[in-house]
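Chain naming follows the written order as A, B, C and D, and within any one chain the residues start at number 1.
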Amino acid sequence: MNGSSTGKALVLTCFGESHGKIIGAVIDGCPAGLPISTEDIQAEVDKRRPGLASVSTPRKEEDRVEILSGVFKGYTTGAPICMLIKNVDTKSEDYEIVEDKPRPGHADYTAYVKYGGFSDYKGGGRFSGRITAGYVMAGAVAKKLLALLNIEVLAHTVQISKVKVSRKVTYDEIRTNVYKNSVRCSEPETAALMEKTILKVAKEGDSLGGIVEAIALNVPAGLGEPVFDSLDSEIAKIMFNIPAVKGVEFGAGFRAASLKGSENNDQYTVKNGKVVTLTNNAGGVLGGISTGMPIIVNVALKPTSSISKRQKTVDLAEMKETEIELSGRHDPCVVPRAVTVVEACLAFVLADHALRSGKISRVIRK
Amino acid sequence: MNGSSTGKALVLTCFGESHGKIIGAVIDGCPAGLPISTEDIQAEVDKRRPGLASVSTPRKEEDRVEILSGVFKGYTTGAPICMLIKNVDTKSEDYEIVEDKPRPGHADYTAYVKYGGFSDYKGGGRFSGRITAGYVMAGAVAKKLLALLNIEVLAHTVQISKVKVSRKVTYDEIRTNVYKNSVRCSEPETAALMEKTILKVAKEGDSLGGIVEAIALNVPAGLGEPVFDSLDSEIAKIMFNIPAVKGVEFGAGFRAASLKGSENNDQYTVKNGKVVTLTNNAGGVLGGISTGMPIIVNVALKPTSSISKRQKTVDLAEMKETEIELSGRHDPCVVPRAVTVVEACLAFVLADHALRSGKISRVIRK
Amino acid sequence: MNGSSTGKALVLTCFGESHGKIIGAVIDGCPAGLPISTEDIQAEVDKRRPGLASVSTPRKEEDRVEILSGVFKGYTTGAPICMLIKNVDTKSEDYEIVEDKPRPGHADYTAYVKYGGFSDYKGGGRFSGRITAGYVMAGAVAKKLLALLNIEVLAHTVQISKVKVSRKVTYDEIRTNVYKNSVRCSEPETAALMEKTILKVAKEGDSLGGIVEAIALNVPAGLGEPVFDSLDSEIAKIMFNIPAVKGVEFGAGFRAASLKGSENNDQYTVKNGKVVTLTNNAGGVLGGISTGMPIIVNVALKPTSSISKRQKTVDLAEMKETEIELSGRHDPCVVPRAVTVVEACLAFVLADHALRSGKISRVIRK
Amino acid sequence: MNGSSTGKALVLTCFGESHGKIIGAVIDGCPAGLPISTEDIQAEVDKRRPGLASVSTPRKEEDRVEILSGVFKGYTTGAPICMLIKNVDTKSEDYEIVEDKPRPGHADYTAYVKYGGFSDYKGGGRFSGRITAGYVMAGAVAKKLLALLNIEVLAHTVQISKVKVSRKVTYDEIRTNVYKNSVRCSEPETAALMEKTILKVAKEGDSLGGIVEAIALNVPAGLGEPVFDSLDSEIAKIMFNIPAVKGVEFGAGFRAASLKGSENNDQYTVKNGKVVTLTNNAGGVLGGISTGMPIIVNVALKPTSSISKRQKTVDLAEMKETEIELSGRHDPCVVPRAVTVVEACLAFVLADHALRSGKISRVIRK
């Protein structure tokens, strides 16, 4: 089978490997007439670029985006949009060890089994976090589509290890603060503590996980489908496509399991002639369809698998126990960079559903 | 668009409404030669049947399964298998109130907006938990396929409101105890407490949520795909198709966000000539592909939306605030019945991936 | 894999066997608010019903349509529409001979190989022309959708064996004459000759093929997609789903191979403020997209495979040559009944594309 | 919607425009372990390259294939394979006239309507025959997969205008002769006549069409599906994706409409312990499934739309009649180059179905 494409009205196909020639994405189904430039895509890709901060991998990639098709005279044509990033700074020799000794927590072993040893293991190959650069390119196009409906997508780090944001921040705080610190946190003082925590653990050769919250504002009620294409299902699905994600919840999420119905139900009222709810424990989705309230999704990421501590593994060629010590260059915490990816993924699913519903037309009139 | 079908090699199409004529499921792609009988399907459907216990809805449905196609002389033919359950005990008059006054926490409002008032609102129509009977029929077929690979799927209630199982139970305890109590809990003493908790809240006209854990044993390493069709993505997706689900996590899940890499990484060793991990924080999935360890997924369900307490809502015809008090028959806690559904959904995704991978062949030889 | 579903915005899933319990169809993606009744579907199904005329099979099926889901208070709800026809008059004993001795020209042998002998061979099972009753039910819904855009779909027999319509008939002749004769021909005198030809060959225990022309009027320019979902590709695809179809062509079709570009190109002009072409050799499709001119498609059907003449075959159990003489009840010519099916299939693809394009909205306002 | 992807187990996504930067193809689902090199792909692409012969367009494209992903150390990895060809020799200024004046027989007008004037019209953009270079790259991979099953795919020109091959040629004649002449005909003397005919018409500024026959040998019985994914349906669908195709038929095809059942039925016999048919009017497909006999498909192509003769068209900006005279560089007959494309398309569908059926495994063991 396969599985490198997702979406129905807006279809994203991703390809490329961490240490191969390129990371690529093709978006099919984008309406004609959307003004789009390389800069639009580049701006989003830059937000997740490695090597920016002391907490991130020292790998230096310029990540220059190139649009190869589907855009003509500055506007989308309705044809598939192919976008590429060339891989430049690859130190593949660091990874030769991986061929036979799977790194704990990585996909090395599962890839080895599934692909019979033919998988490109360098830098994690097809399983590297680097493939999410393709999601971000797609998210950049999706955001431009969502802007037509005035939908805004935000994301921020709400937890790194045991350090959590201290309170509910405002949307403006998210807009203002997130890209001002290296951990993508909306609360400056917490951001400082998160950075410190990461640096400390990084020095130990260890890593940390965390939680990203993503929010979509101004989503009209009625997006999504009941049953198998439900909005929350498809958002959850794409979030689990991000390497390291281990949990997804909407609104009150796991906490809802402990509430009573009378506490959890979001009661209705009318505000400015519009139906709204007094609370938003649903996270903006009921029955798989948007309620008109903000979509709120929490995404839990495990600590980076690549650590420099010595770990037990097996030699697959000889089927015996051994140990592994990784050098290579790794993020001690992928959460900050995942913020941009989570944001892009949420944007993509919403744009796909906006197109399915007919709320964005097939040709954008100037 | 649409969204009533799921799966790639094994495709499930669901249809029917809570108070319509039937609940139906068509499975396409089932290999030929699988021995299957109405009783096989009925046994699974009986496990989620309403009206069994004091904690569940008093609606009495016999839920007689009928196989209409795809089975010939006791074996599947390779053609699509259509299975139906007739709806019998429907008290639709209870629901007329819902037409204009959406119930908090339900899909009434989102369905109203999406379908312009044409949606069948009786008993929740297309959005009722009753549609999961279709998932269970599909799960019954999936389980027969998985049995060919010796894969076993288990599920049990691990939390109702704040009552949790006290310890890690064994697989045998799950096998033995779950269907012996009305709350589908594997720990008898905790089950008793859960029942008591539900009955107390039910008397108040209120409802409770909880958490279901599902486990798949003997899943061979190598099932799943990287990127968009990853095993965890597709399991998460189908879980969010179950009404009331608000969170899904694998292995350590949200807890992994607080762990260090050195704590969370599952180190490898060799056991009986097989690669295994010393821990299973991954929940059996790395890079979207099964590791060979048990698949472990937790599913959080919100408290039942239908409560008899008075709640604020709006009159959609007149766009003004009003209140609603529901009669009708409802589960004060859907978690126990969701156990069977979660189990079926996990089985379905695994069977689909086993077929995609070629581990189950297109014709089952006798 | 599978293959019992087709369409993207409008998805049709078909199931059931010739001599099983039912023939069924589920349509997913139909907009809410379309008024629809059992009678609407029945009227189309009646047009293809067997046993009507002396030229057709003597099998007597009432073919009573039942709508099981997706329609509420006379309107579609947006949920999947399940429609069933029960099989009543099945003489399965006629077919026991087929189990080991594949009938020449039938799918008995290919089904046997593919499904390892588990296929339901009675009456052709899943491969019978009877499954097209499902297409006709779907076509009935599609026609109601197309009527919203004023699109009309017509079909008629233009050739039976060597008897062809003598001239280009008008659309009104098709509308008026087709269902007045048993061969669905638009030219009464030719119809009489076709009937005579069929009866003569039927008496010899032999069978005949022919050609059906289908036409869609008022199709707006711009329906379809370039490349893989092109309108002509998808129309051709569904036509080859009809058993016995061996060729499909658009407009000038195979004849275009002998023309010069200057003869075949349809030159443009303006008529009543609309761009039209002076000829329609394209059959209404250029680059996979409708031109606004009538869609014209010819479908060639082979003679019915089931003949009562003695034929060579093999005994699959013993792998040796043998002969077969069929009794059973068969159409000596399936072309007349295929007219209704071809019409339904063309309607289905057009409705699917009209929905994809956004020309039909997701909710039909009264 | 969209439509730039096709296939189920093997998924092809095509992108790029005639005068854009590239023509690209991504194949997802190719098993791991298939040895593949740029040369393998290049060899097939060279077969359809323009500018080779006096009968073809004078546009000079080197068409250098580059593999960007999915291949590692000479073998496929199981990850998607991205292949690109850069466009070099584009004379776009020739096409500015087309923006407002649609060329008769081309997709200019339908693209204009569908994409609201945003379509890339240069060189036909997304609608150019040049996009079939992507199909050929995919076909090259497909052929390597089919070789694992010993399946061979052949294609040859059997008719140009009114010049037809004089007799049924042998497979060896096709293998030997087709790429020895510029018209891809298997009969040398007919080839010469075809060339002469094309050159004569080219001088008049006119164009010609023709028919390509494609044959697949050693296809095992049992490939394909009943109903909507039938082998003939999917072959027909992909053939109509080739610009200029107006008709597709299998085996006796349209001629079958005039035959009796006793003439058209392919009777069975046993040969070398294998079930075969005495004739092959079915063209190797019954009930949508391969019979084990050669697959035979005829594809009719219309004469090239681009001719230099003066033609009527409309000025879309002013909505009034006008005329057009094309310069630009065009094939006076696309049939010869279509031979390679038809061959590639047939190979792709067969490889997809071989994968679906499990006849090719997910990992190719060395």
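Please note the rule applied: a residue touches a chain if its C-beta (ideal position, glycine included) is under 8 Å from a C-beta of that chain, and two chains touch if they have at least 3 such contacts.
None of these values were measured; they are calculated from a predicted model.
> Counting C-beta pairs in contact, which chain pair has more, A-D or B-D?
When the contacts at A-D and B-D are counted, A-D has more.
> Considering only mean CA positions as chain centres, point out the chain farthest from chain C.
A
> What is the distance, in whole Å, between the centres of chain B and chain D, each centre taken as the mean of its C-alpha atoms?
Using C-alpha averages as centres, the distance is 46 Å.
> So the centre of each chain is just the mean of its C-alpha atoms; given that, what is the distance between chain A and chain D in Å?
38
> Of all the residues in chain A, which ones touch at least 2 other chains?
1-5, 8-9, 14, 79, 114, 126, 226, 357, 362
> What does chain A use to touch chain D in their complex?
1-5, 9-11, 13-17, 20-22, 24, 26, 28-29, 32-33, 68-70, 72, 75-82, 84, 114-116, 118-120, 125-126, 362-363, 365
> Which of the residues in chain B end up touching chain D in this complex?
Residues 8, 79, 226, 357-358, 361-362.
> Which of the residues in chain B come into contact with chain A in the complex?
Within the complex, chain B contacts chain A at residues 1-6, 8-9, 12, 14, 102, 104-107, 109-111, 113-114, 126-127, 131, 159, 161-162, 201, 206-211, 221-222, 224-230, 232-234, 236-241, 243, 246-254, 256-270, 273, 275, 277-278, 281-283, 285-292, 300-307, 309, 311-314, 316, 319-321, 356-357.
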